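Next come two complexes built around subunit A: one with subunit B, the other with subunit C.
Presenting the complex of A and B:
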């Protein structure tokens, strides 16, 4: 087993994945819905409780792609035109976490975790 | 225009570094330009395809299609890079010994070139799909600013090519023998970093939830989003907040490559002794 792991680290990682986790086994996530249109987040200020995983649902209503990005949340996800992106965020400490559209940095918003 | 330049440059920067390294690695192999060029072209075409179907892709796997796609292609790149290193451990000495048995090495070399062409293709694909999406958005939006944004994008692309050439010529200044050791180390670190990145994507998709505690936070020292952080991120897989699983994957690739290289290297010398 150890030898196999060394030979195929990625395969091993995949195997561990299947053994240890299915999406449903994760702690119930708090869902936050944000829509994006005309280069702005709506709402641009959102809140969530601390120490709970969060799922962002970003609905891009514009005719071009956007990239939902946040350095502090460690997320980066392209959301195609007129579609929805789902972004998982791990449980967070209280604080303010800014996010923005990487393709249009004027579009900004923030998540306040309490 | 400046915004477009920065966005495009940031995306092609990583691909530029990787292509530069691959060019240096394959410096003495004939026909390598055809292979690397083919990899770039295939990667660019695939990037456009991915961009065109970005919406459909991200709807797969309960919205986690992008993450799993990225993790998979990174996984492929890790395998290809590792395989290349093992192959070089077997045949590198012949090639460094120059001309000796070069005929056989060339025939085998195509296989290794294919692996590296895949790596280049993957690098271009990953970075390129975002550039394609961004530029497509620019083109479809209002005409006036579109041309200046397109110019910015083109300059960004050119700067990325500059990074590629700089990396290549920088590495080519190293004499052949130390160059071989340098590029082997670079390729190994590149592979380890990509494995850690693949883990990060699986973690984001919630497919990998064990050992997901962040081990350290060195954002204060070197942010991953700064230019230096980005370069180190590509080259050695630097992450300012790595999880335990990321570190595990990183070390596993380093150790695995080392073991495999020793194994195939010693096998080869046995064969050489037997033949001699």
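Presenting the complex of A and C:
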């Protein structure tokens, strides 16, 4: 019984690790570069293939911080003024995924996965 | 001033203007259905502190008011998993209720942890999302009676929701199985379980405001394996979600027992295992 109880936390950690690991995490990520300037994403529409992990490189060229956020991509990252943020996204199914600056709701963009 | 605040909450102050709902940001669905939980698990890297209070009011006779508040920290380490944990505080104000001791107390009553796994994710081509959740809880104060006990509960839920109209109308569904074991101060051991489900409908009436309603059907058993049925109930009520700022929101719900039965009694409602009303009020800050 005691032995079983000792093994339980280890098994739980293994299960969580397996659940959280994307099956495609070993694949080469598709890189998407987006710049942010004058409160706008450039380009605001980007594309990527389905079932491949994606890395967003967001260059904030403005003089104040922005927050790259997307409910459908399930990511958020604050990018300081005049710096670059890297956001890793799981392999996605086909569809349209919107993103925006959480500090400026007018700044919006979208990723189309095909 | 109040009108100004309402105008800010409900949008742009130009009600006659046609809204372009498709231009609204996506919404996190976890807390828009009241007691029913949506499938949302937050954003990777997001952390949140919340105060989540549930009040239960009314028994068949006397005066009954009890509450349990979660002081909670939650975070999303990956794009598929959310983890929550925290402490529980409870209050009990009971007088003249048959079968319960009179009591007027507040106490730190236990702790809990929750693991949520997003099993089916919503995309623009698939409106359905499903999350599986487990929540072990330990208590030193009984939820209903307020007595000192040792209680262990293992709540298991399926949280599903469907986006019926893009960014506007959502339906939520929960399936619940909640076994628990309680050791009383007299040394007795009691095993029981709740089993049931809910359906909810929520309409986003403004970018930051969601209104809705939900219905719950719950069954109670005096055994963890669902063999000793003791009664069931139907609860019904409205729900409200308001996002005050991009990082702060509240959710509220009120459920009233509209139908119930107790095995062995001919009463019209079930007050043995459930209350006349329950209310939920939650405030959260994300960072």
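We take it that the second predicted complex is superposed on the first by the 89 of 114 C-alpha atoms of A that agree within 3 Å, B and C clash if a C-alpha of one lies under 4 Å from a C-alpha of the other, contacts with A are read in each partner's own complex, and residues count from 1 in each chain.
By our rule, a contact is a pair of C-beta atoms (placed from the backbone, for glycine too) under 8 Å apart; a residue touches a chain by one contact, two chains touch by 3 or more.
Owing to the predicted nature of the structure, the values given are computational and were not obtained by experimental measurement.
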Partner chain in contact with A:114 - subunit B first, subunit C second, else both or neither: neither
Winner by number of subunit A residues touched, once subunit B and subunit C are compared: B
First, second, both or neither for A:28, with subunit B first and subunit C second: neither
Subunit B versus subunit C as contact partner of A:38, first or second or both or neither: neither
Contacts of A:65 with subunit B and subunit C, given as first, second, both or neither: first
Partner chain in contact with A:77 - subunit B first, subunit C second, else both or neither: both
Partner chain(s) touched by A:100 [first = subunit B, second = subunit C, both, neither]: second
Subunit A positions touched by subunit B in one structure and by subunit C in the second: 16, 20, 71, 74-75, 77, 90, 102-103, 105
Contact set on subunit B toward subunit A in their complex: 3, 7, 51, 54-55, 58-59, 62-64, 66, 75, 78-79, 129-130, 133-134, 136-138, 140-141, 195, 198-199, 202-210, 212, 223, 225, 241, 245, 249, 252-253, 255-256, 259-260
Subunit C residues touching subunit A - in the complex, by the definition given at the top: 25-28, 41-46, 76-81, 115, 117, 121-126, 246
Contact set on subunit A toward subunit B in their complex: 5-10, 12-14, 16-17, 20-21, 23, 25-26, 63-65, 67, 71, 74-75, 77-88, 90, 102-105
Complex interface listing, subunit A residues touching subunit C: 16, 19-20, 22, 69-77, 89-90, 92-98, 100, 102-103, 105
